[in-house]
Amino acid sequence: MQREWMTIVAHQSIASQTYLLELQGSLPQFVETPGQFVHIQVSDDFFLRRPVSIADVDSDKGTVTLLYKVMGKGTDALTRKKIGDKLDVLGPSGTGFPIDKLTTNKALLIGGGIGVPPLYYLAKNLKSKGMEVTSILGFRSSEDVFFTEKFQALGDVHVATNDGSMGTRGFVTDVIPQVDGYDTYFSCGPTVMLKGVKEQLKGVPGYISIEERMGCGVGACFACVVECADEEDAKGYRKICSDGPVFRPEEVVL
Amino acid sequence: MQREWMTIVAHQSIASQTYLLELQGSLPQFVETPGQFVHIQVSDDFFLRRPVSIADVDSDKGTVTLLYKVMGKGTDALTRKKIGDKLDVLGPSGTGFPIDKLTTNKALLIGGGIGVPPLYYLAKNLKSKGMEVTSILGFRSSEDVFFTEKFQALGDVHVATNDGSMGTRGFVTDVIPQVDGYDTYFSCGPTVMLKGVKEQLKGVPGYISIEERMGCGVGACFACVVECADEEDAKGYRKICSDGPVFRPEEVVL
Amino acid sequence: MIDTKVDLPGLQLKNPVMPASGCFGFGREFAQFYDLSHLGAIMIKAATATKRFGNATPRVAETASGMLNAIGLQNPGVDAIIGEELAFLEPYQTPIVANVAGSTMEDYQEVAAKLGNSTVSALELNISCPNVKEGGVQFGVDPELAYTVTKLVKEASAKPVYVKLSPNVADIVTMAKAAEEAGADGLSMINTLTGMRIDPSTRKPIIANQTGGLSGPAIKPVAIRMIHQVYQAVDLPIIGMGGIETTDDIIEYLLAGASAVAVGSANFKNPYICKELIDQLPDALSAHQFSSVKEVIGGAHYQTTST
Amino acid sequence: MIDTKVDLPGLQLKNPVMPASGCFGFGREFAQFYDLSHLGAIMIKAATATKRFGNATPRVAETASGMLNAIGLQNPGVDAIIGEELAFLEPYQTPIVANVAGSTMEDYQEVAAKLGNSTVSALELNISCPNVKEGGVQFGVDPELAYTVTKLVKEASAKPVYVKLSPNVADIVTMAKAAEEAGADGLSMINTLTGMRIDPSTRKPIIANQTGGLSGPAIKPVAIRMIHQVYQAVDLPIIGMGGIETTDDIIEYLLAGASAVAVGSANFKNPYICKELIDQLPDALSAHQFSSVKEVIGGAHYQTTST
């Protein structure tokens, strides 16, 4: 992990209130696994950094791609940064999906809203390891949808929208029954969604990526802990920023 | 007085740590007298505005010119504003030199450092009213000197520098004895300088412009008061931001 | 149509936004920016029994997201305020809250009695002033002194009294209860936190008085916490203040338990701020699914559903 | 050559900059950014008698120029800290200050006794925790409780004790004197101011624990004021903290009367901050015409000339 002033090389709107941000620097070469994130200091106006998942890495260009949605003041201020501007980035942070240890043949990826981004870099990695990838991507409405064609290039894609304006009307959990043949699932999205997915796919090996408000983002402040499901666990907790954000669903209490 | 997002149309370094900033908007048309100032919100990073004197007005272009020196964080941040940027400006503020009431024939202007700027617009006004203007301008060193040629176009100019690197070595007060024939003086600069000038020119009608840290800049908060010299004065104080910054030297306690 | 009206003792507010005492003078300067009749009310600068010059300058210093001030209660004295300033404000269609200050119990009584016969709608009792007789300890940090001065002021005048609490205490609820027991009609919270800045170049405190009162967004979390605590413990309406700059700030105060809010030092940054907030408030309330100001008040206490 | 050394009870500091407790864990995470031996000292995270999980999440919220936290003293317990964390820190050439916390007098005594036999150089007594036996009132806001717990901790261990004062009091000097009388070797000030933020969308406090401790530049003026007051009233060395982000901030703390400083939440913004400040400090001192750190300490008190 390092702190670096990265250069913005691309910045564009890709869906309603959703932006693609491409950052160049030496940080990309240290990314170890999909699911890791960067911690962004948007400007001096903000006291805390913002965690944003790495959605893609281009080693040749030396860039990471981030996809973010405007949720509050910080992400709103981020939209005003221009190509050529420098951004204070800490990372790569956290422990991602353990792609080197997987024995997956067919992967099911389940992403909800702004949980979709890390799954893209994951999908690319799985695919390049010869695994088959099916993705279920959930969004609020058709105008929020992004990156489906990119996922399609890597495997089957099912889209769900809350209002039915694209794909299946409903939630990702409504689509899961339509898919089969997968041996491992990978999910990222709002906690309610992860809870539903975990419940529905009980018995299937899986990995989930979870969110929490962070202080340090490096594992030092104990802001981002999540309780262990196993009451006998020696520590009793995991730090989302360093032990995670990716966990086994049975490891933590959602 | 109004609040306006003015456009920066010129911004350049004119001496050591000293900048010229030209702002365009409707504010200039409300400037009443030389000696008035504007109150600048440098950016959201700062809680208080910064008072800066109006050094010139161009009614045709609709601009005011400010000359400022980097003294701390706010003026430092100001240097990074670019042509085309908008600046949140409140003004024109305060009560300047009462040029319409003057019966001056020959004016002596005495400016020290960053007290020089308001005297330039004053000199132009006096000159256009047919008065003769002699200026004594004091700076720390030759690299701090600015606008002398502009003053020269309006009358005699004497420069003093603390280190003698330009003009007379010493203070403006060392130069005053070399000048004569004036009937009114006008001075702006650091308080120690104003004290010296007031002392030396006792008996000569004069006007001084003084500084104080400000809260509101509109006369409401009582942050910027100065005591009246006359103990019988009904109020006992003057507000620099609204009654001043220009006063008769005998009116206030320096 | 969003209903922004709030009825408080002595104050029928068309909207819950008013400038805070000491940050708006007696309104004159701001009358050049907009019509003061738009304001929910006006909290005017502190009045003392006699004219006060206040502290030496510098009286203000900038801090991170805030400022320090040590004006020292400069004001022309209660008689001049009634004679000149209230007369100026009279034509405006907005209730006036007079801020009462002093160094002794007698001072407070005298000022309250005189304002009791004036056109103001309510009194705001500023108990953050040092009590000269008790060796300079502030009325605002000692519950017994606070009780006594509130009681005396209530006796001296028939106007509703809002006691303005100081945040410089370990236990704000005790102070609020003291005010309530003494008969206060409402609370006004918070006044400034005592702070200091030292200039590394001069090696001295920037403010001539050395310490000053910290205001601005920096203190908002402290104000919200105190209002949230006091709302649960006493039955008085609260006028909330401290760092308000946006309509979301106002909603945060109302949710914590304030019935109305005052905007202080933000008037210095943007002299139009009160008017702008009043104009924007209905839309901001709608955006958060509220249909009236009253509905928001204390909302953080009875909400139990999570999102 | 600027002399940055400072000698305090138990702490021979090569420079006056150390990370503040709770903002640096036990150093492990920051060891990946720079060699911890550069630090003047390290104030490690609070230790309690037994392992604590802490509060529900969210535990942090952003505020204007600051943040709230309600971690709830999560830590692996004093035994694990001594066995694992101190062992990890041992190779570094920097003194360790252990932060002692608890809910009862007995807790404090036990933790202090165990750390008294460890490799730490000094104890920092965190008295901002609620005393369970006294109905949750904080040790840090009651001078008698503060006196008693300090005395017990002094008896339980031979290590120098720095009492960490809470700013949530009306009279910080009384608290400092209580610590001094109880035998404290130094003071550490300030801990966080209690605050709250409410989210207008969810209508609830952002922090699960409702209230949290406010840190960051927002509180610096309060810390500077309190240190300035305490420096005049007690004879103990002070480790100052609250919102330090720049070398000018450090100089401001030293001028106010701190002998050393701790950097807390700024480590979250910039994990290299302590190292950077240490590197920049000599030049900053020169720029203000100082030739040593010692020369700056308390400078705001004996300067009488004006500029």
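Order of writing sets the chain letters: A, B, C and D. Residues in each chain are counted from 1.
Just so it is clear, a residue touches a chain if its C-beta (ideal position, glycine included) is under 8 Å from a C-beta of that chain, and two chains touch if they have at least 3 such contacts.
Quick caveat, the model's predicted, so the values are computed rather than measured.
Peer 1: Treat touching chains as neighbours: how many steps, at the fewest, connect chain C to chain D?
Peer 2: Minimum step count, chain C to chain D: 1.
Peer 1: Among the chains, which one keeps its Cα centre farthest from the Cα centre of chain A?
Peer 2: B
Peer 1: Could you work out how far the Cα centre of chain B sits from that of chain C, in whole Å?
Peer 2: That pair's centroid distance is 36 Å.
Peer 1: What is the distance, in whole Å, between the centres of chain A and chain C, each centre taken as the mean of its C-alpha atoms?
Peer 2: Result: the chain centres lie 46 Å from each other.
Peer 1: Compute the distance, rounded to whole Å, between the mean C-alpha positions of chain A and chain B.
Peer 2: Whole-Å distance between the two chain centres: 57.
Peer 1: Mind pulling the residue numbers of chain D that touch at least two other chains?
Peer 2: Touching at least two other chains: 63, 65-66, 216.
Peer 1: Using the touch definition from the top, which residues of chain B touch two or more other chains?
Peer 2: none
Peer 1: Quick one: do these chains touch in a line, a ring, a star, all-to-all (complete), or other?
Peer 2: Contact pattern: a closed ring, each chain touching exactly two others.
Peer 1: What are the touching chain pairs in this one?
Peer 2: A-B, A-D, B-C, C-D
Peer 1: Using the touch definition up top, name the residues of chain A that touch chain B in the complex.
Peer 2: 44-45
Peer 1: Where on chain D is chain A touching in the complex?
Peer 2: 22-25, 28-30, 32-33, 45, 51, 53-54, 57-63, 65-67, 69, 71, 74, 76, 206, 216, 265, 267-272
Peer 1: What residues on chain C touch chain D, complex-wise?
Peer 2: 63-66, 68, 141, 168-171, 193-198, 200-205, 210-211, 214, 216-222, 224-225, 228, 243, 248, 251-252, 255-256, 288, 299-300, 303, 306-307
Peer 1: So in the complex, which bits of chain B are touching chain C?
Peer 2: Touch list, chain B to chain C: 1, 3, 41, 46-49, 90, 212-227, 235-237, 242.
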